[in-house]
Amino acid sequence: MHSSDIEPGLVVILYPGLAGPLRRKIRDRLESYGGEVTAVEGTGRFYLEVRGEVAAIRSLVVESWSGVEKVISLGGEFLHTAADPDRGPEGVEVASVRLGAGSFSIIAGPCAVEDEQRALRIASSVAAAGADLFRGGAYKPRTSPYAFQGLGDAALEILQRVREETGLGIVTEILDPRDVDKIAEVADMLQVGSRNMHNYSLLKELGQTSIPILLKRGFASTIDEFLMAAEYILSGGNSSVILCERGVRCATATDEVVLDLGSIPELKKRTHLPVLVDPSHGSGASYKVPALARAAATVGADGILVEVHDQPEEALSDGAQALTLDQFEELVPQVHEIRAMFEGHISGVSDDLVSTPGGEDR
Amino acid sequence: MHSSDIEPGLVVILYPGLAGPLRRKIRDRLESYGGEVTAVEGTGRFYLEVRGEVAAIRSLVVESWSGVEKVISLGGEFLHTAADPDRGPEGVEVASVRLGAGSFSIIAGPCAVEDEQRALRIASSVAAAGADLFRGGAYKPRTSPYAFQGLGDAALEILQRVREETGLGIVTEILDPRDVDKIAEVADMLQVGSRNMHNYSLLKELGQTSIPILLKRGFASTIDEFLMAAEYILSGGNSSVILCERGVRCATATDEVVLDLGSIPELKKRTHLPVLVDPSHGSGASYKVPALARAAATVGADGILVEVHDQPEEALSDGAQALTLDQFEELVPQVHEIRAMFEGHISGVSDDLVSTPGGEDR
Amino acid sequence: MHSSDIEPGLVVILYPGLAGPLRRKIRDRLESYGGEVTAVEGTGRFYLEVRGEVAAIRSLVVESWSGVEKVISLGGEFLHTAADPDRGPEGVEVASVRLGAGSFSIIAGPCAVEDEQRALRIASSVAAAGADLFRGGAYKPRTSPYAFQGLGDAALEILQRVREETGLGIVTEILDPRDVDKIAEVADMLQVGSRNMHNYSLLKELGQTSIPILLKRGFASTIDEFLMAAEYILSGGNSSVILCERGVRCATATDEVVLDLGSIPELKKRTHLPVLVDPSHGSGASYKVPALARAAATVGADGILVEVHDQPEEALSDGAQALTLDQFEELVPQVHEIRAMFEGHISGVSDDLVSTPGGEDR
Amino acid sequence: MHSSDIEPGLVVILYPGLAGPLRRKIRDRLESYGGEVTAVEGTGRFYLEVRGEVAAIRSLVVESWSGVEKVISLGGEFLHTAADPDRGPEGVEVASVRLGAGSFSIIAGPCAVEDEQRALRIASSVAAAGADLFRGGAYKPRTSPYAFQGLGDAALEILQRVREETGLGIVTEILDPRDVDKIAEVADMLQVGSRNMHNYSLLKELGQTSIPILLKRGFASTIDEFLMAAEYILSGGNSSVILCERGVRCATATDEVVLDLGSIPELKKRTHLPVLVDPSHGSGASYKVPALARAAATVGADGILVEVHDQPEEALSDGAQALTLDQFEELVPQVHEIRAMFEGHISGVSDDLVSTPGGEDR
């Protein structure tokens, strides 16, 4: 039933009573862009089912064509990210940790790497408390050019030391397509930050590698756009992509963003990719982080990305949202306990979802 | 070609290969809610065209029914507000001013009526400068219960004096359905504020009267919702409704809202009702008001609603956005001049729009 | 340290070098509105501390006064809703259920009361499954005047039957200040819906009663505005107010709104009022509801308000987001189990919060 | 009065009654990051005025420090973009056109360069109609990797031909910092699109050149963030930056974005950089474009960037918003006429603004 033989990608609804020559003109134009068109006669109007190569036609604005009333997309756009109802999630392996294959993973560390002693101190603490991977920014995207931009190359050396000393795999952000090789020497996973989710040059470059990519949702991006950003990487040949919800900008939010936890069941339904939650950027306030981290575990996320600092008040960036080492240590068993409790229910939900008729997406 | 005989209100697209009994079940259910259903066989799937009484069916969530892939609405929901391609706008008469029938009207005055002397002083100034109607709040909807709530009944007496002394028609806000008679004794037009656009009890009450209503767009409402709010009044029997764009809340706005001037050509295309712009609430900052008022004239609005105060710094509400008397006096000829210049172009645009094939709306 | 003797409500920062007579003019004007002003001389500029009656001054736009650079509000606006660090939450009693005093409460039922048999069937099922109160709309605020508006008075009789047969307390929405008496005869708690959070006439009317009020957050309202809406009711004399987060409109949301779960720790920190979560309106999609309901339990909410229907596909409103009876039955033990697990942590968090220096909040 | 000797960049308000040692700790910490701190004693509390190097301190989250109630920024962050009250705008020269020095400029062309004949046909038409510069995308940022991505290098050759044949200067988008040299050979101005406004690697790279940059506002960015993005380029040494408002994403918008025309008076007040408006992306619908283009002229913009296509229905991207050649030809004299009419008023407004006491901005 899912064969492309019978499912059109688009249905074009014409205005009632549209004259034959105009119908033909629309049909011809659709075919000139590669579509296979079947006209279906309704009562008073025609429907054009378009099969075959519809990607080019989606680029056009067929709805503005004279004689066209509506254009309905019937899915099939998410070639690489769409969930496959016939198999479970494989997950993505980063360092020796497999994310998204059933367990709940924790990536922790400071917003930015500030100095070696501090980075090592935080890293050994979060490792002892149960973190699976270490995060720490070397290159920081900051709204102001006068704010701390990260230590850059010096931070990469520090991250290298962290990996050697603690054994934790390293996650760090990449801002520039020219930095891939340099950062990949040290990092086990490259993070594409929220501000770069629409940076398609960077996404295409990362699609040419086989390095695991942590792709954060744009702070003003829809789920469709988020999955399309992942398609950029996957269609390039790199299948190791992990998604991360981190809050969306909203006029009524207290600290700019609202963490969209409802996106987690939606992403788990629509894609086979692992999905993490960042409760730190998703709230902007450390006192909310433990609650939202626990919530992430209950909605079916595959883990969290959380900012931890030994002295948040002195952090050179994002101090207001960092957990202390003690707070982090207290949080880890909570999220694992909650995850264990609801494991059955969460996968139960997924099972239901993939059996929806038609299934792929809304 | 526009007859309701041949135009379905809804098209229900079924999943490909859906079994006959399931198709029949969906069809029967649609018919049980009053729809007349015609099944159209496509290649591999069926389309159900639904005619007749579709309002009840729109209330259901047909898209969630098992076997249904998409539900397409083909318009026809805006029974009373929709533009009629066969006739021009009639406008709405308020006091002896006809708004929306070609001229550009100006409603001016303070946010709130504060005292009689001040109200008379402002009113006689704006009258002299060319205002068509006077605005001034007696009952104010304020975020805080501890903020100035308006003078209430005492303000109504002052507004009565303003009308007697200046001859200007009066526009004032109504908050409570129980106040209709009391306010209508003094006011020539009742304003429904942005916060009450979704107050359907109030809208229904106003639909039972024949008083002109100035309906402001909700600060977080779509154009569809805005027109539906007008439908509440019009379907009750009151055809004297004037719409007013006043800015929508947006995460990236400097003062909370962004004035949506693109909504004016859209509303002029979709409805026959007059459309005003409120550049005062639409900016929150008096230095932006003249620019946005001029812009309102260029995009085809039928007038503006603008806050004017003799001493904005002492205004008990919204002082930051009020024009001084001098600024208002300077603005009036500007908007009329610009309107005169582009009158042809603006109506020309409208003419084009109503001849779009199919026409009614998007 | 919290005495009003030493804490100003406002600090007005003047421009550097402002001349004495201008300083005096600003001071005098602040005092004329009831403030007590102390001038503090900085290096090059003055700061005016304003004590006493600052509510009227907050209504002014002091920041626009000539010579004023910034106006800083130091809190104290939330007279009745502010959390009291010296005592724990008392909760609000509805029927014989005390909400917000430690336990996790569940209010369940259909969006709208559709017919007696169905209402009784749903009510007895949710009662058996563990619901604490029954919800069901008699008067429905609908975007379109042509959509099902609720059964009205007939629904009130049905709700009366539900209470008699099941013993469940009744929660139903009020849209019109004239309906208070009529609805209060049947309902144990009146709901103010999201669209009416800014309907101050209704809020004031409810402040004159002693009926418990379930106040839902406006779909485009900030937390400050939400608490101020509660202040309208509390300052009128009615202290039985329960807050409910139900999602905020956001450009990037899949179904219009994003459920703002980060608002729960914020509200628990800032107010002593009970706080519920509505995962049904907060997602718009039933498959997300169980996940978000569980999340509500982990972030510290005092309960949930959830839509349940025996045949969601036939619901006359909001069918897409209603749980089936079976899904609800499965959900109840989950939220209680999770709540039991984290009870300690959640109150622990609260304890920390109220001891912040200075205390009230941002 | 504007000397940095007397104006602090920050004022830190401490909690009332804060003990001396804690005050000293805060002071010391501020000084350790480069600030010069003066303590001012109020009634019951202290204010710390921070002068000197405050950029590093802004990076910290001083508001979260124990004992700190509020941190007030008094401006001075916009080092290169801030308007200079002592001199008028110089504008930026692109090809032989000076933008932003008083005249109203028009940049027109197709969204994407599709083929040479079409590009030349459109270019010669818009040149004849009065366009000042030609726009056309070679590399297109598209949400879907399967949509038309632009002709790439082939388009650059076509743009070269356009310049030779029509004499129009060329504006084209840059997506990747590695493409600067290649594109700069052909283009007279490089466009940074809305999706890349936060792409700081790209901005930094462009700051190292002396090529004019057309910086579009991020579709979910505030004015502060927009100006800070310009600071990235200017602080790198490239002073030729032109800003462009193009609509911000908003939950209530009809086609995703609302064109924020109120941002134009704000930007003209706050910065000396030229400011354009893009009514095409700012509406998403060609029937709104002429109205919004005229509005741009009335609010004080220095010009427009508008999409024009000879056959919008066949455009490979953004066809729904492109003007036809005829529509463009009709528009050009309108915007110039309106601009001529209000030239006096618009600069008059600017004159007022720069004389505000204190002056720089809100």
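The chains carry the letters A, B, C and D, assigned in the order they are written, with residues numbered from 1 in each.
What we mean here is this: a contact is a pair of C-beta atoms (placed from the backbone, for glycine too) under 8 Å apart; a residue touches a chain by one contact, two chains touch by 3 or more.
The model shown is predicted, which means the values in this text are computed figures rather than measured ones.
Q: Please state, in steps, how far subunit C lies from subunit A along the shortest route of touching chains.
A: 1
Q: Higher C-beta contact count, A-D or A-B?
A: Of A-D and A-B, more C-beta pairs in contact link A-D.
Q: Find the chain most remote from subunit D, comparing centres computed as mean CA coordinates.
A: Between subunit D and every other chain, the largest centroid distance is to C.
Q: Cα centroid separation between subunit A and subunit D, in whole Å?
A: Chain centres of subunit A and subunit D, defined by C-alpha means, are spaced 28 Å apart.
Q: Averaging over Cα atoms per chain, report the distance between subunit B and subunit D in Å.
A: Subunit B and subunit D have C-alpha centres separated by 32 Å.
Q: Between subunit A and subunit B, tell me the centre distance in angstrom, where each centre is the average of that chain's C-alpha atoms.
A: Averaging C-alpha atoms per chain gives centres 39 Å apart.
Q: Check each residue of subunit C and list the ones that touch at least two other chains.
A: In subunit C, 66, 220, 249-253 touch at least two other chains.
Q: Quick check: in the complex, which residue numbers of subunit A touch subunit B?
A: 1, 5-8, 11, 13, 15-18, 38, 40-45, 47, 49, 66-67, 69-70, 72, 74, 220, 249-253, 256, 357-358
Q: Could you list, by residue number, the parts of subunit A that touch subunit D in their complex?
A: Counting only subunit A, the residues touching subunit D are 29, 55-56, 58-61, 63-66, 77, 79, 141-148, 175-178, 195-196, 198-201, 204, 219-220, 224-225, 228, 231-232, 235, 249, 251, 312-320.
Q: Along subunit B, where are the residues that touch subunit D in the complex?
A: Within the complex, subunit B touches subunit D at residues 220-223, 248-254, 258-266, 269, 282-283, 285, 287-288, 290-292, 294-295, 297-300, 330, 334, 337-338, 341-342, 345-346, 349, 352-353, 362.
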